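Here it is, the structure in full.
As written, the chains take the letters A, B, C, D, E, F, G and H, and residue 1 is the first residue of each chain.
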């Protein structure tokens, strides 16, 4: 499998585990994990395959996601 | 001219001289007069020819008009 | 007291008290920390055949309550500071039209949106002075969940007896705490006096009715009355140009409450725990709980009124003259201004305690000691 | 005083005073007997480049005024009792957000719709206590058409100086009468202090600003501030759970007015006509005209405050201690309750005179004579 | 029952100005009511008038029925309480353009949404009459009023569009130049179960006409007659029945719920 | 400008519940704004957020712009003052269904009528979120809330119909399941001179979903996606651009009048 | 000097304006103190209308007219209502076109056919108020003619200054003759 | 006897209900006085949640918990925040599935794997609150087991009475063993 063109970063401090990102991703590049953050919310995780549509970024109610094209600054 | 079938009574205490009755009468059976009531309002007067349409009665803002078919009680 | 023993929130007890008092109509608009009253009413009223309606705002809520009252039904609303502010025009209307109704204000921190979930007693003066014009209301302040029940009943009774708006001046402390409450079955309820059904009432607002309160010609019973917030004569007709009509009307509206101040205080009751001390503590509502505890420690006298309005300066004078008085309130000094009117202002001190919680007993003791030392 | 001599209605003079004070925004809703203020503003403001807008109600009117004030423009509304009741939530909001604004209440007979075209002073306590929560306002009462002009200017100045809502507590007597008025050109106007333009203001609500009043970071100048009616910290951010933040905030909001009580009274001025007598008459607003005349006849001392709120009990004590005091008001006893706090209640008497007109001097003399034995 | 028995004659003549459209509305209303009472379709002892504040809102005070003259803008909120607390009452709300649509706009749209069973007769004289002629939310653009001395810069509401947008099922518009049609409209409104709104374009000669080149009541009625049409004609205001649907009224929904919950057919 | 510069990070995480639609609205809004600022089409120093009270109304407190968090229901009245007093301000009003259409309904319809130049984003979650889940004027019939334990007996508003009935020229409806479209709608609204209303169907998982068989935020979005359509489909809620007209905004009318009267091009 | 004046008539005759003009003349152009009041409200709708003015060289405190020195009246209703209140040493100036004086009122009366003068000599019925005001001034010297005319010019609708000033003059002439 | 109890955890664990049940048991079925309070508002959204109960055989005036005798805690965050406030002679009952106690807090600790018991023995994670409440009762005898069970039956959603009562029993067993 070719290396992803994008990175998907989730700010664990902000995430509240609603999994809307998981719901919206058209390519299932995100999924629920069992990891919890400090406040006890379960976190999503990036499993690869992002196509950079940024839908997860835009829907996240907690502004916790940043999708970046590799090699680009933020 | 045949005698009118209707009487048109104007309660002078109530009339405020707006002449909407005069305006509405389809047969010009009412007209402005120069008589004034106690409060100084000019009064309309009945000049005959009423056809009993009761439009004057219904439009009068001061409930001052009563149209009666002759020989009928009120 | 016989009745069901329950462990309820003050707000829930208030709703139960209303139903026990005969309330069958509630119109409201949610607002923290009073919302549980509306919520419980929405569940309970249909069970007893009553109507719950959530209005578009607080202005409409009190309007609907007044409307229901003129339909002959005991009616209530509940709110908190911001909503109570919006109700003031209709408090004034209810007073003018002599409409029995109950308004619960579960006080939270103000001004403005302030501290929506925290306790306060900063609407005490507003209860009397919030609307325009001269009028009087009855306002009662509960200190326990049981009193949320009992004083709600009292509010209905005084509202009906006097044909006035009655205010339950609660606060978040008692509104949100849970305690044992006996849902009394033996509550005494008072119903407004009605004229004979089917009789046209030609003088619905007589100048000098018995006890200053005329019977209430509610709608739909053939009384054919006109009710207006304008200054009106005995017939209920607008008479806005006659100074004498206005004077007699508003004086009666005030006097029917003012002249009963003592009777209301005595009937609703107050706590007076007299101890051998130069110091008397005064507190009411949720804050009084602290003060009762502190007074025990301090061996000081305590006065806890349940009736906030009408104020009875003579009573206060009789009870508290000669003491150094410390008034403890969750605000920046409101009831204390009334006490100052009754007593020598120099002997009256205040522990002003806004912030969202009553002071601890320790804080009150500290203040009392500072005062005495 | 230099300026144009005019013969105007009090309400018209008020509008002219506002424009002289720099008011460039008026939002209102018509109501008798204040409407002429709106009417004149609708004509005059466009002439001087200002905005007149008639809102959908009084709630919206004061909201728009507060909005305009945050846009950096001096703004005002005018109303009477029923509308003033509707404005109470926003009085409380203006106090909490420290928004300079002026609210004119031309008082008419209440409660409720009452006597729409008749004079009254029955919203005096409402001006201070009408909204929920602890806050303070400045309220001034004019007795002449000239004072309708001058005290409107003072209202703007105190509103801007203290960042508070200021109330012109007028009444139908002075609102509707016509008198000579000098539209002074030399009015001293005060403008709020502003932070440097373009500078982000990180602490718009410092805990202890100079004189307790922080500069006002109006919108559109790059300050990037958040303004809320919730209890807020120095940064303006909601902090509704911290008792200390709330306490410090509301104490400052009240103290910036309370601590200046004397200064405000001295700066705005009051009438004290001392005569050799045991009797002092107290009156304000339209009613004071009667009392000044009666006092001359009675050879009694007169105190006429122009500042109604904040009350200064020390000043009153200093001026009136030792007198038998007769307070004359067009209501059922409001200002007199404040006087009772300051003086020995037994020496304080009231001529309560609702009904739509001030008492005649003869009526006051009669009352004074009855009192004196 | 004769309409004369419905007037509080001891209060007549009323305070309205000469030629005021509110007078015609009063006239038409009492006749419509008398007819309904006469026919036994309504009970005068259970018919209630509710109004706010304004010249139009003074009308209930002249009618010998139970009536509640409330605060400015709020009659529909009071009516909501009356109707829900006693569903047997037949409620007619008399209001003005300012009362209904300026300060009272919110109660208007919510009553329409809920389908509160009341008949609203809005005397729409395009002005605040009672307070002496200030602009109202129905004053035409450019018109003069005491607070629009340079002409009204605000676009007005179409009150019928507004209440229909809020969900009102029965909406009509007539004018005081159409008293017969107005009477029939009131009959229809009283017959409908649910929210009926009648927008009555009306004349305020004192405060609107004078300032807007319509010197007499007659000129104003002439204008109303000429500028309205029961058809969609360009440049004319549409009058007539604008919507007439059936929906269950609010009090029935509420009382059905109560019966269901309380198990009591009588609703307690 | 990067959208990150528009967030008051020191206040994050915000107080909204997990999966709250208001969060998505905040997200979309700050990105739309950042794009406008970046393009030089708007000036951040002159862009102002105004809100009432409710969860949705908390959003301005997280955005690093001038913002006014007012009283429940009144943001549009405050905005009227701001805009008229300083027409250079670009004003965005963030409101909820309760804030805009219950207590605030009157200001909503009057702002629409006047064509006040603001962009209204109404987070319509069909419930009062902030106070714990009471019925709102957009709660569907029969739905459960803490004050409709037996199901809601009231018919809801269609907010878009309501504001169109009041005269609003630019009206769109989207949902939080359509963030891209919502962002474009916000762009359009900011570009329009005049009253723009965006009804955003949004989710309150805590207080609406839980009581109405929509257990998770995802189920709620699924519901929103499935029950809405940009075409008129039976049984579906219509989303999209519902009206897009041009009319002169209110502040321009007022300031033209001022210029005319004062003879001052600058309006004083 | 302190004089109480009541100007009365029915709605539409301009009695309010007449009072305002008189007060303005006194306060702005004569340096007197003057207070004008009137009654508002339902009672002021239709029927009798009145405008009260107090003119004084001292401060005017209580602002309402109690017993007028001068009553100007342009309608029978107003005459009947207010004539009994006039002071014994007072004066009643009435529009003789419209008012029939009553012998019972034992104060000085002067009749001026103000409405007729307005209609016939000025061609404008509605300036009768200024005619009678001119007459009052002439009879009482409450303010100077010059002051009154200046106040008239200030207060009447633009474009009608001249006819109103002429009305004042005609009124004066009417009682001088 | 006057005992202050704080029950804490995160939102959704039912700590409020646990407090209400305890208070109800004491006030309704034991004839004690009891006051239950909790914190409302933004601070109560997400994160730590708590329910305070005071049980006493005398009148309870000041209603808030100052220094708890007993701390029941079902989350680390709550444990960390509230453990330091417990009285020296107090007791901390913690859900050992979720909380790691801290040696620094020198008061008696009892761990109960409430969440595990709820999940494994009752098949319903959300009754962990009743498990730990049962444990508290067993350890403190604050109210009788009977009283507690009756209160549970009153307060839990209809249909879930039995599982909740069993949870109480399992909690008691968990500390008895």
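Keep in mind that, in the parts below, a contact is a pair of C-beta atoms (placed from the backbone, for glycine too) under 8 Å apart; a residue touches a chain by one contact, two chains touch by 3 or more.
Bear in mind the structure is a predicted one, so any value in this text is a computation, not a measurement.
**Q** Using the touch definition up top, find the fewest steps from chain A to chain D.
**A** Minimum number of steps from chain A to chain D: 2.
**Q** In terms of C-beta pairs in contact, which two chains are most connected?
**A** C-D
**Q** Please tell me the distance, in whole Å, between the geometric centres of chain D and chain G computed from their C-alpha atoms.
**A** About 36 Å separates the centre of chain D from that of chain G.
**Q** Using mean CA coordinates as chain centres, what's the gap between chain E and chain H in Å?
**A** Chain E and chain H have C-alpha centres separated by 60 Å.
**Q** Can you compute the centre-to-centre distance for chain E and chain G, using the mean CA position of each chain? Integer Å is fine.
**A** Chain centroid spacing, chain E to chain G, equals 42 Å.
**Q** Which chain C residues sit where two or more other chains touch them?
**A** 32, 46, 56-57, 59, 82, 89, 93, 112-113, 115-118, 228-230, 238, 240-241, 357
**Q** Quick one: which residues in chain E touch 2 or more of the other chains?
**A** Those would be 17-18, 71, 102-103, 105-106, 110, 137, 150, 254, 257, 260-261.
**Q** Name the residues of chain A that each touch 2 or more other chains.
**A** In chain A, the residues touching two or more other chains are 16.
**Q** Quick one: in the complex, what on chain D touches chain C?
**A** So the residues of chain D in touch with chain C come to 59, 80-82, 84-86, 88-89, 91-93, 95-97, 107, 109-118, 120, 122-123, 125-126, 128-135, 228-231, 240-241, 243-244, 246-247, 250-251, 253-254, 313, 331-334, 337, 340-342, 344-345, 354-357.
**Q** Show which residues of chain F lie in contact with chain C when the two form their complex.
**A** Answer in residue numbers: 53, 71-73, 102-103, 105, 128, 131-132, 134-135, 137, 146-150.
**Q** Spell out the part of chain E that touches chain F in their complex, as residue ranges.
**A** Chain E residues touching chain F: 102-106, 109-110, 113-115, 137, 150-151, 153-158, 161-167, 247, 250, 253-254, 256-257, 260-261.
**Q** Along chain B, where are the residues that touch chain E in the complex?
**A** 13-14, 16-20, 22-24, 41, 55, 58-63, 74
**Q** Please name which positions on chain E make contact with chain C in the complex.
**A** 8, 11, 45-46, 48, 50, 58, 60-61, 64-71, 74, 77-86, 88-89, 106-107, 110, 254-255, 257-258, 260-262, 264, 266-268
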